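Right, I'll just put the structure down here and ask away after.
Which chain is which? They are A, B, C and D, in the order written, and residues in each are numbered from 1.
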């Protein structure tokens, strides 16, 4: 994996913007491994992502920030620079279903997901065994005993203590309180087991079965206070037919969930996602 | 194309049913080209479709009906026998968009869709040119001048006069009145330009754009009085991203529509669809 | 999961065959959960699979065999009856790549794959850690020290000792000797990392990169003496573009491999695959 | 549809390249509707496509060429500037199968494909009827009477006379002679009815049937002297099973062909394809 800086920009579209940024990069001898642009013609908003080889550029991270700031201010950018060698710290929250948790852990273990996973939190103790194998501390937060409010307070403390950058709800069957959604805005990813906006809420497979759809799916999205309404990062679908039993639908659905979540988390970790209102730009 | 009888059965699941039917077929020397079964374990309903070579069987269509009736009654079957050489009479209803109409006409012209198309009805005159080329009578029913009630009365008369078996709404932008939905139950197929139940109603692409979904689609379904709620026959989806403009979405959507409608119509014409409550069994 | 008998039949197509089988089943009060037929019109061969609830049928496994044999002989059937509660014994063979191994193990662990996994064999020791977690004995067969012939002899002994029914090559990077292919015909499943017949042999991703294809894939097939030429059970593909690096192609390819292998193994374990010459009938 | 200039660049990757181009565009007030870059890290080659609103830029087409040339030379660019309002002139060549021809014609008719179609050439007279409807001159080149050499000479003359920019082989069942392949390099698109490199050559569906693959497909590629070996623009696949007859495979295959060809032709017409050795960069 190349060591890179990633420059992410979101600003009003303006003539001279790309030239300004590219000239800055050229002036510092930056070799660009990947560049993606998008102009939203409806809102006049411009989005840009550069992946820059650190071998090439004659700026440290701090000097880049310092020297780029005037240009950023000039163009009214919301922007960030990330260093690919600084791994984000990811917390996995899960309940009883293991498929998403295990898939994320395995992709992390083999290096496909470039991050640290300092903790796993469960509202049930059963998945501890997987955490143990991967040598990740497991915290059982007992919602039944504590009550929902205290339980989420405990989770919040854990996320703070572990200095978590990204929280992944890997089939975590508890609804985050408003306050936490707001505090962690853009930093919590959920996997919903339907192709939203169809079948929001509970029991999507049952809903899908009853409606007789011919495709089922899963949706990976950022969590907001509006349940199942957050910005969508990725969706995955599979074909079903009358001959698929409830078991078959769950099995196919799980594959969709694993697939959509793995993509969504990777896009986030590689700084490929920009949230814009309630939608995402994903430089996949 | 083989000349076949198609035997379609829908009845309570019972031991001895398949044996009874198969024995009947064997007794008359029937060679079976295709056989499909399905048991809905939740409702205990059984569905069966046989495609029987007429070369092999020693029964005429009428004698088959006569001789099979006692068995059918014994097992409380809803059933039908169709003769593949008797083409269904299909009316196409369209408005201004030509893609679905032209696709169906071309598949009919090349023999992929085995039916007669005795008339095309438009609520605008523009698509007459396509009808002319395919030498199909075109009827312009002028909703603006006539008003909706009289216009649909005229359509109803046309469908009766042409002895239409199946009405296909090939992007026909008028909502059928209740009475017509009921009269033609199970005999009107619509193509909706979203992956229902998402984005029912008007302007699905705009809705999809605003929600920021990563897949768009189309749904082919039977028309019922509940708008966009009828039994789904087929769905088709395509991947979209932030970089797809409204034009791109419409283009991709059209391909989904054409695809889902062509499948849905063919399945219906080949007697592959059984409606069961608000769902379908499709022996694709 | 229902306890079922699965009756798998492969014989010349004949009038009276389905009737004979169905009558036999009805006579013994069999409730059929799933029935699939296929006639190969080119070869005149008939294939049939029944999944029969053991709750319903008034025959033990042994009596079924005994009583069905005359009928089977009459119709010159190749056939088998399996009992869903008798788990097949599966050996997993792997090398260094863990993705297929871990996926199969997890699906087994969660009950999606209904089998026993009494041993894992590696030609490298590295994957032992996964075997340990799942508490499956791991055997390192050291090809380098032993030489290929002795190593495969050792594997053969292990497969015999563990009474293995199905051997799964989960990215096992050694070519089975002819003798073993023949001995285990129809009982060894491999995953090849290309959409065969494209890019058979080594380094399929490099081949795909050089040819500039827009789709990559994976193929799950039975192993025969003709390398990469055995009967295909399942294939899976993903879209790629010029912007996919070698790393991206490997990542996408892995997802295809996992997907195709999981399907192929499940179809085999559920007796859904019938090998016919160099092809398969898969009652998915 | 916006009126745009499209600037297509292919050159050695160099620091300062993007800055140079962007600064040039900014200096002339260009508003960029779409920008795509790609660096081939293996060959160190850089590819870039800009779609520039002509409303914004203060340069005529000719002045743009003139003023950009020094920069282009400096960076050793192979480049071109196209004007979206200048339609390419497309010749369609077909034989007896109408599906690809009719699909291209319809997409052209509805404005999805932005080009002129001044002539259709057939080696059989049957498809003239479609040409007539769309009011496109049809030329029957009678290969049987003329012999292959004279026939292709006649086609070459037609392509010259009509000043054709792009020749589309819409299931044209004749192999272009070497000389024509070379003369029209990068300007002839073919649709092959398999997912190349599988099943190159004749009768791909029969080959696919015999090999027992579970996916069939189609490949849209540029024509070169090496039959079926030219740079691939787009591929499309569909799932098949044992139950698909030869007719089913042809039907599914046709849908793949129509799909892949429509995409390939559109990408070419919108200057989204850059040929690089025997591969393509497609800024889809």
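Following the convention adopted for this analysis, a contact is a pair of C-beta atoms (placed from the backbone, for glycine too) under 8 Å apart; a residue touches a chain by one contact, two chains touch by 3 or more.
Each chain and its UniProt protein: A, B, C, D = Formyltetrahydrofolate deformylase.
Quick caveat, the model's predicted, so the values are computed rather than measured.
Each chain gets a centre from the mean of its Cα atoms; the one farthest from the centre of chain B is A. A separation of 41 Å divides the Cα centre of chain C from that of chain D. Per-chain Cα centroids separate chain A from chain D by 37 Å.
Multi-chain contact residues, meaning those touching two or more other chains, occur in chain C at positions 34, 41, 243. A complete topology is adopted by the chain contact network, contact being made between every pair of chains. On the side of chain D, the complex with chain B involves touching residues 1, 34, 98-99, 102, 106, 109-110, 112, 133, 243, 247, 251, 255, 259. Interface of chain A with chain B (complex): residues 38, 40-41, 47, 195-199, 211-215, 217, 231-235, 237, 241-243, 245, 278-282, 284. Residue ranges on chain B touching chain C, taken from their complex, read 13, 15-23, 25-27, 29-37, 39, 41, 56.
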